[in-house]
Amino acid sequence: MSEESAGGIRDLGFARLDTDRAARTGDPEVVYGAGKTPQQVVEILTTLHEAHPERAVLATRLTERAVEVLVEALPDVVVDPVARAATLGPLPSPRGTVCVVSAGTSDAPVATEAALTARVYGAGVRVVTDVGVAGLHRVLAARADLESADCLVVVAGMEGALPSVVGGLVGVPLVAVPTSVGYGAAFGGLAALLGMLNSCAPGVTVVNIDNGFGAGVFAARVARNSRPRDIEPA
Amino acid sequence: MSEESAGGIRDLGFARLDTDRAARTGDPEVVYGAGKTPQQVVEILTTLHEAHPERAVLATRLTERAVEVLVEALPDVVVDPVARAATLGPLPSPRGTVCVVSAGTSDAPVATEAALTARVYGAGVRVVTDVGVAGLHRVLAARADLESADCLVVVAGMEGALPSVVGGLVGVPLVAVPTSVGYGAAFGGLAALLGMLNSCAPGVTVVNIDNGFGAGVFAARVARNSRPRDIEPA
Amino acid sequence: MSEESAGGIRDLGFARLDTDRAARTGDPEVVYGAGKTPQQVVEILTTLHEAHPERAVLATRLTERAVEVLVEALPDVVVDPVARAATLGPLPSPRGTVCVVSAGTSDAPVATEAALTARVYGAGVRVVTDVGVAGLHRVLAARADLESADCLVVVAGMEGALPSVVGGLVGVPLVAVPTSVGYGAAFGGLAALLGMLNSCAPGVTVVNIDNGFGAGVFAARVARNSRPRDIEPA
Amino acid sequence: MSEESAGGIRDLGFARLDTDRAARTGDPEVVYGAGKTPQQVVEILTTLHEAHPERAVLATRLTERAVEVLVEALPDVVVDPVARAATLGPLPSPRGTVCVVSAGTSDAPVATEAALTARVYGAGVRVVTDVGVAGLHRVLAARADLESADCLVVVAGMEGALPSVVGGLVGVPLVAVPTSVGYGAAFGGLAALLGMLNSCAPGVTVVNIDNGFGAGVFAARVARNSRPRDIEPA
Amino acid sequence: MSEESAGGIRDLGFARLDTDRAARTGDPEVVYGAGKTPQQVVEILTTLHEAHPERAVLATRLTERAVEVLVEALPDVVVDPVARAATLGPLPSPRGTVCVVSAGTSDAPVATEAALTARVYGAGVRVVTDVGVAGLHRVLAARADLESADCLVVVAGMEGALPSVVGGLVGVPLVAVPTSVGYGAAFGGLAALLGMLNSCAPGVTVVNIDNGFGAGVFAARVARNSRPRDIEPA
Amino acid sequence: MSEESAGGIRDLGFARLDTDRAARTGDPEVVYGAGKTPQQVVEILTTLHEAHPERAVLATRLTERAVEVLVEALPDVVVDPVARAATLGPLPSPRGTVCVVSAGTSDAPVATEAALTARVYGAGVRVVTDVGVAGLHRVLAARADLESADCLVVVAGMEGALPSVVGGLVGVPLVAVPTSVGYGAAFGGLAALLGMLNSCAPGVTVVNIDNGFGAGVFAARVARNSRPRDIEPA
Amino acid sequence: MSEESAGGIRDLGFARLDTDRAARTGDPEVVYGAGKTPQQVVEILTTLHEAHPERAVLATRLTERAVEVLVEALPDVVVDPVARAATLGPLPSPRGTVCVVSAGTSDAPVATEAALTARVYGAGVRVVTDVGVAGLHRVLAARADLESADCLVVVAGMEGALPSVVGGLVGVPLVAVPTSVGYGAAFGGLAALLGMLNSCAPGVTVVNIDNGFGAGVFAARVARNSRPRDIEPA
Amino acid sequence: MSEESAGGIRDLGFARLDTDRAARTGDPEVVYGAGKTPQQVVEILTTLHEAHPERAVLATRLTERAVEVLVEALPDVVVDPVARAATLGPLPSPRGTVCVVSAGTSDAPVATEAALTARVYGAGVRVVTDVGVAGLHRVLAARADLESADCLVVVAGMEGALPSVVGGLVGVPLVAVPTSVGYGAAFGGLAALLGMLNSCAPGVTVVNIDNGFGAGVFAARVARNSRPRDIEPA
């Protein structure tokens, strides 16, 4: 082991990688692509993959250009174009179930980022889309999917009311993700954020606007540590 | 007619009353009680009632002390303690129906103010309470009441999601009233206000925080001018 | 009926269309163009038109490119360039009258969107433009048009004072639309929004910034259900 | 002259008074009463009056208790209870005319503070009250008073639309004063402040919320330096 | 069963109680004490307890007066004075572990409310107090407690940095609770709320300011459904 | 006179021009260029100039392209490139003096717009630039210029402190213009705006962020009506 | 040493005291009085004083009642009523000089808290009061005091312009403290805070609104470590 | 000396340079590049360098184009591409030590600007990067560097928690710089700014968002005036 990687730290010049993080928390390595050049993303991804070839590394917030460079440089990379994300290496076996619910088609990038993240972080994932509050029958139709999950991720923009409706239906842990979908007094997701923070359904928690990644991390940690459904609690 | 009431204007010293307003708009006279002494409320109410003895005058935002003074000074006054409001004179015959829906028990003062106002402004009124978004079955159970109204007033605090749910169920004109119920990031009703302004249900309009009066005025104007239900449109 | 359209739901892959919505609310189908590719707009519009060939379908928030593609793909489409909107199919017979009033020439896109929407939703529409508060004579000159409408839509940016002035003149139900016209402390329409929410004229309701569509929907619902003018109320 | 008043500065321990300010700017001395004990107000007022017995000294933002103490300690003091202010010493001869216009009865304290301030600062003052935007005929009836003034002070709370209406009628310099009258989304005067800053009438300037004093100072400086009406400009 | 309690709904006049909620979600009944009279709290608590005598009912946000009335009326009630909360009936057996961590002594009411809530909702609870960010050694000393929990609730006011520090140490699901502790630019908890929403530690979720109850509900749902520590995941 | 210009109103299709405004207020005609095509600016400018050939018409907020088109279409137009404005027709004789003071070189566009506007509105104008608060000697050096003006326009971005300093030096009416110069917590001019509204110097009034035009209008109205300096007040 | 004080930590039940903090940073112990009962303040102060009898302990944000209880319980306590603070034990020898400058008399509590804190933290302190921006001569007269200090603390409310003026005069490190003095658009100190953050004078740093304590701590750390004035730098 | 440079002022037409500023405050000359053309930057830099050839002049906020022009026009210029800044002339001998600490790689431009500024202003500089709060071991590993500095500059975006952690470790004067790194509820650096202003670590001061320059100026002034480490305080 070279000096620059002592203590699990690899120094690439433009970034110091803590390649032992997984060992500490059980989570995979992640490259946050925003503000990085495509070449930097490739380099970090490669380094992390070499350190942990047995488990998928995740890259998020990729520009179109970064995706092109990635695909060319790393033939084994798997890109999710809707989530603007990519993985390199085998996905872990799924444990528990995260159900990602989204309100409108415009929320898809955030919802998909949450779903992919949860999967890479070790959970099984189920996706339910386009169940807006103004069409209650769609929410009600998805009830079985919602109830059988170990953790819910509910994604919505505009007024962000979906978590309240879902949270009133089922008692599953629920992480709400406000999106920046909307205009005018949506104020870039602020309306949805405040709506979710003030949800009248108890037990709703919230992450930052458009932070599908954070919700996926949290939900996976809950789901993969959940009691299997066939082991009934006392 | 004395000089000081020329042109339908009566000058009480601390206020100038436009006693011909009703003739101009078909609406009753109203005393906004906030910031006025109980004695001033009595005096204005008396003056307006004398100018229009055939139709109820409305007083809103009354303090407890104002209510006491009113009841003693004007035995014919009818007080609605929940709405913190009072009327003097006969209510008009109801035309059309306003349905006032509220989310929680804490929203009652605002919802009741809206209901009383709509009634004094000439509409029939139906009230549905405690139909929070986190208990969808209550909303669904009220669907017939919602659909048969000429105008809906939907009152909610916290995340203010109820108008989106109701507006997705029925196509009746819907006025949403955010309330200051909540704490923390509710910011005194701001969260509910923003939520309602960004409702994904089309055709939702909004009034100021806690403005049950304004919603009642608007809804009554819509309802009393509505086509009777037995006259089917072409 | 194919499986994918069971229950009035058509699934296009990128969107699930609820082609029975009209039956539920009496409203037309609408395509919200923002965030959709021109080809997606064409496909949804076509699908909805096929489901309801007897009644106009509305597409809003169209980009210039979307308009070009639409016109080429669907020769029968009717484009309103100021409103950045288009319709496909015959307009319904007008019932009742919505009067759309706007303050300045920059408010035209929002006002025109409101007018077209109200028309497609079944109301007759009258338009009064350029009646800014700083030129009261123009407002007063339009008084007859204002009074004879069943519902008013009042569009203004900057300080958003026009609804207060109009609402003080007539007792017609009034929906105010703040626009993002202005700069500096207009804060993208916030000043107009707050001004309208705090209107001293009773019975003013408000929609989101630049939401001409929502105001049009609401006003049409009020107008088309209004008592014909020659049937005097009791 | 004692040492502690060298250079026109008098040091009272809790405050250093610049008793030569009047000589520098032509303005009177003023005691800002907020946050001072009644006894401190008396002491400062006395000191300033002794330094300038020939011209009125002004005390603003007085509590009820401060007024009681003032009246007892200084029999010559003249109290304006609505403005929560007092003067000691002879008022200057009026030069020019300030017209103070206010929208509602709740704006009276601020409007009266502006009027008294303008008078103490040397202008003649005319007051027009209760001319809300929702009652345009009152505004129009006051047009002659508005046009003949050298400077207007227009006071309004809630949506603060009155300055736009007045500023569209006449070309007189206009200072707008937003008040904290209102509730909910009035946000303590913010709605009125933003409305006034974005007025579509050119040439409207604005002071802080409830700052009748500042508007009065400004307007008096304009009015007392104005060309007499009988000296026509070239 | 009387008519007024049909369908698990009991109508007390001032509130409609859904006494079957527990059956639907596995959660206990709760009385939110804010805005209710002490007598109302007693009545609701009694009704809910009678419906579910086998499981504790929780009352939160109690005033001092409400606590006095409760203790007198219901001798079996157990009051937690720091949490301003009370329980009536036997606590459930604890399943899983929630660890509640708080930054300063002023955060105690919120932290204690979270702890009591989590306990009543069925989790075991461990409490770690006074581990402010500015004293890192206290955080580090608590690491074993943090790592062995199934869900963390981290409570902090002012800049709200504690969740970032804790979230960087361990990979346990973490719910952050901002408190209104602070002054000036803390803006009633807004600074802490924004800090937590923007945490650089992945997987931090957030609830409303001072919402210890919501965090406790969420954390209990996670913990009581967690895989027992001695059943290792595959 | 053709029908479309009856009552001093000329209708260009895209705008209705009130060509009698000057007669009403003594002010010139103005074209607000923002949001208009270059050709529209030319057309309006031409129409207004034809109606009032004896007095300059002002066009503001011109894009570079609009300036090019203007210069080509109207050879007599005079362009001020810093102010992004142009005039057509002879300037009026100056009456009174407006002194425009600005803090930094980045404030020049706003300051120049104010100066040109004041000149077109009939005042004489003096300009003092680059007198930032952090270089007090420059402010003090300009004192004579400040004192001899009839109205001051003080332009500053960032913290907007210059009006307080200038307003403490002289008793001349002072209009403050916050600019959007700055970054970060300047929030697009909000910091300067708030600073100016809270100025500790009495008699400071404020206009919208970057609104040099409004300040120029106001200041010209004050200055041109001011008592000539050689006619001493009584 | 008892168990509960192991590692320099003393546990009082309601608070854990880190009695070794001084050793780590060279700073004194401090009791933040807000939110503590008078008896708790006495108990903590006593405990800290016993641990460090050789150096003053500081208590801040004391209520009037806390001061009364303190004086009675601890005869040796020294109270500063303006700063609402108290010390117990001998002050350290002063090293270096902090100069605290304040704009208005209402800023005195914050300025005095800063001065006392700096003194208890080991610096010499000089105080300059009432040097508002609107009276530049007072600022200029204090220039020598400003220049000879090792660190400046500049306290101002309202528009908070004083730091810019002082920072433009001298190159001494300057900590600005915004105060909540003001009303309306001062927004509880926000205007002053933003003004100071955007100061055009380079090298101005800012603390929280009303945080005289924090400014005093910082300034003392700078001053007491400063090169003595008679040791000229190379 | 030509007339235009009398009193140390050089007038370049587009800017007036105060070439004696250094003499007054001991600081270097600086060109703020934002909003200036590359040619203007060259011209000002040249002029300032000619006036002070013995000491480096600093140019900040340079665009890429400005850097290109600078390098071509002034071969002796030294560019720091990360800081987007350049110097011309010899750097001063370092006195004292500023340690610049930053949280993430995205904070590098601001941190580097702070470091270069501090160096040009006369301090020695040490840089510690990538010590995010979520990786405490990196912070702890840098403790010796932190403790031995005379002033710390701590740069962080997102929740801005790093200054609290660092400020809790050491008692060195600490200037915090919030950056605009983040998204959603980071609100362009507002979350970090509020977090730093509310730091629970005493003695943290804050500058504007992204203002590395201001922090560098302040820190250099503190460091270069600090007591040398080998001269122990009494």
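A, B, C, D, E, F, G and H are the chain letters, set down in written order, and residue numbers restart from 1 in every chain.
Here, a contact is a pair of C-beta atoms (placed from the backbone, for glycine too) under 8 Å apart; a residue touches a chain by one contact, two chains touch by 3 or more.
Keep in mind it's a predicted model, so treat the numbers as computed, not measured.
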Chains touching both subunit C and subunit E, listed by label: A, B
D-F compared against E-G, more contacting pairs: D-F
Farthest chain relative to subunit E (centres taken as mean CA coordinates): F
Centroid-based (C-alpha) most distant chain relative to subunit B: H
Subunit B-subunit F separation of Cα centroids, rounded to whole Å: 46
Subunit B and subunit G: spacing of chain centres that average the CA atoms, whole Å: 52
Distance from subunit G to subunit D - Cα centre to Cα centre, in angstrom: 37
Overlap residues in subunit C, where contacts from two or more other chains coincide: 135, 184-186, 190, 193, 197-198, 202, 208
Contacting chain pairs - touch in the sense defined above: A-B, A-C, A-E, A-H, B-C, B-D, B-E, C-D, C-F, D-F, D-G, E-G, E-H, F-G, F-H, G-H
Parts of subunit B lying in touch with subunit D, wherever the complex brings them together: 14-16, 18, 34-35, 178, 180, 188-190, 193, 208-211
Touch list for subunit F against partner subunit H, complex: 105-106, 129-130, 135, 181, 183-186
Residues of subunit A that touch subunit E when the two form their complex: 24-27, 30, 93, 95, 150-151, 170-175, 193, 197-198, 202-208, 213-215, 217-218, 221-222, 224-228, 231, 233-234
For the subunit D and subunit C complex, residues of the former touching the latter: 103-104, 132-136, 139-140, 158-161, 164-165, 167-169, 182, 184-187, 190-192, 194-201
